């Protein structure tokens, strides 16, 4: 695809830099079982300079976290993922491995559970939300996490 | 108009979703009496995934608030609106109906009055400001308001 | 015991007011299985104008929450309580009933679990801590909760 | 009265210092029409090292502000003061003169109006509150105000 | 280059407004010695409505600050700039002249020095970061600085 | 001296606990060259449950930091200490060793330098201040630091 706008060419330039000067890229784990929505969210995040690893349910998400949690700069997760484990469990698991992992939840009907099921310092986006809300939340949390590095392992 | 960039196609995809999966849209009340400025601001907010209802003075803004305040996720208002009521009054009225309504003020020469006339938790943008300042402020406040829902009615 | 200092007489004056003008009192649920510690903490909280209902384990804490959660302005809980449920479960239960319930955890060896087991907006005090840390945390959280009232019930 | 505790002797030492080394004192304007309550609050603030100028209604409060607003490090005000002006007006007036004046409101039945009538960055204490809530709020706001000095005059 | 997207036309509209209605523009000082990176960052900031004055080392940055610090709404600086002075010194110098100047640091290998060398209220971006992190940080800090104007001169 | 008030007996109880159950104590480094002031501050901090190691100038402070920085939960320092190093240097040195060390500065005539000389996340208390401001600042910062543990060593 040809670059057709300033926005595209910027992405290309960043793409090159991501592979060269500024590598590695800024990787996010995005967990959502609705294909249409996950693609829209991925595009919004890509446009903002983030790269995304997608997981369509909780089991796949846990696997990716167990394989290499440290490569993700944030976890973005829907709450209801079709089957167990749900988004609450995914985020909790990520935090057990990386205690300062930024977490953004997205939900339509489970937002009222955030107060009891969410992890400290997380953001809950109530659907419907604007892409800018997701990008601003992720950008803010990733920056804050870098400024307050993780605690030493529990052991 | 044909989609000619990633950014456009994303908007289209979101438009479709807004009508289907993610409906209803994220609606903002934008109050500004300067036509050129209101259009530029609307475009910046649309690009970020927000939809805008425009009001060109305070009286029209109050009418839209009285008709259905709950449909707005935020109020963005200039201070000097040509005639009374001004932006301070518009925001106060919105907060009387929706106590946790996010409020963003914009002003060139009235910013010094914000400390005495603004509502708690509001943001004041001093003109000139970059579109990203407006988008970041709105995105942050809308997300926070969703995380801390409104109090029960005063009665 | 006779009041012998300004500090005592202030407590008395407040006591009277609590029964008269300013009633009801500001009640906190304090959950801690170590008798010596719970008494010291209670005294520090009393000196600051808070009244305390004590629970020496998680089961008793849940009972008091189920009986009347709304009467507590905050939950202060140790993590390890001798038997199940632990402090994480106590706080989660309180938040299920009162979504904006202020929560302060206290722990010596479980602080590393706060990132995955704590609730949003809670405070974790790492033992040993100064009484002023507890009082400042409780005072700040109670005031914030009053300024951002609870969401409507989930139903 | 003889000093009979560490707490008293500290107050005395500070009293001496306030007149000598650390003068002038930290003065707060406290506006409350209920005599019993105003005395209890004054004592709590004195115990914490603040000195208080009392005003029993809004008119007297405005007079003290107009006479020398800059000498007050914070304004603490009840909302309903028997007659007009109320606490909302008092705080707004103080902010017109000193834009970064810390403001703490106290109220039993007007807390729901804070979202529309309060000034930015203010704290609302819902009665009944513990003295530690007032002291923590005032201490935090005064320190923050000193770290972010006032804007130049509006003119 | 022809405008080919909504995003481009928005920039053009803003460009016109910047020269007319909303002038002057929102100017940032961007200090970075790596040409490829500085151009990518400039483009991301331009896309968000900010204009950039570039400096390729610390000496040039200090000169621009000394010439007219007040025209910059923020300083964005890499830490290692090839030669002295480094980014820590650039930011400190800007803050000596404009005490509430927003500061964003960017660094790959000096982030651990931020805790001892950074200025209060600054943001540290750990390379690699997404353009949205830079834009969100700058937008947030510029807005906050406008809401809390600078203290009077030290004299 | 006999305990003569609730406040005293609480201190005693805590003293015993500090040596037994809750040991070790919460130790602060307090750097101030004015003997009268340092004693008043120490007493206010003791009353709040903190213990203090005093240093009467910058050289002694650096020595105590170099001997065992990790034993201090916060550094509280005057700016002008009679001779070099000053309080800015003391805090910077502490942060080089313990990156998340809480820092509270106190100053009468150097507060305007905080914006350029202070470390991130520090608090500046402008003299004169109330003891409650110091206690609230220290309590808040120590709790926050415990919740966001230090980064791994720079190496």
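Note that the chains take the letters A, B, C, D, E and F in the order they are written out, and that residue 1 is the start of every chain.
Heads up, the rule we're going with is that a contact is a pair of C-beta atoms (placed from the backbone, for glycine too) under 8 Å apart; a residue touches a chain by one contact, two chains touch by 3 or more.
All values derive from a computational prediction rather than experimental measurement.
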| item | value |
| --- | --- |
| Angle, in degrees to the nearest 5, of the Cα rotation that carries subunit B onto subunit E | 120 |
| Recurring contact interface, reference D-F, options B-E, B-C or B-D [over half identical by residue number] | B-E |
| Most distant chain from subunit E, judged by the mean position of its C-alpha atoms | C |
| C-F compared against E-F, more contacting pairs | C-F |
| Distance between the centres, which are taken as Cα means, of subunit D and subunit C, whole angstrom | 27 |
| Centre-to-centre distance between subunit E and subunit C (centres being mean Cα positions), rounded to whole Å | 44 |
| Subunit D-subunit E separation of Cα centroids, rounded to whole Å | 38 |
| Where subunit F touches two or more other chains, by residue | 4-5, 7, 100, 114, 120, 124, 135-136, 140, 147, 151 |
| Interfacial residue positions of subunit F with respect to subunit D in the complex | 4-5, 7-8, 11, 34, 36-37, 39-40, 43-44, 46-47, 111, 114, 123-133, 135-137, 140 |
| Residue ranges of subunit A in contact with subunit E within the complex | 4-7, 9-10, 13-14, 17-18, 21-26, 48-50, 135-136, 138-140, 142-143, 146-147 |
| Subunit F-touching residues of subunit E, taken from the complex the two chains share | 92-93, 95-96, 99-100, 112-122, 124, 151, 153-154 |
| Touching residues on subunit B, where the partner in the complex is subunit C | 100, 120, 147-152 |
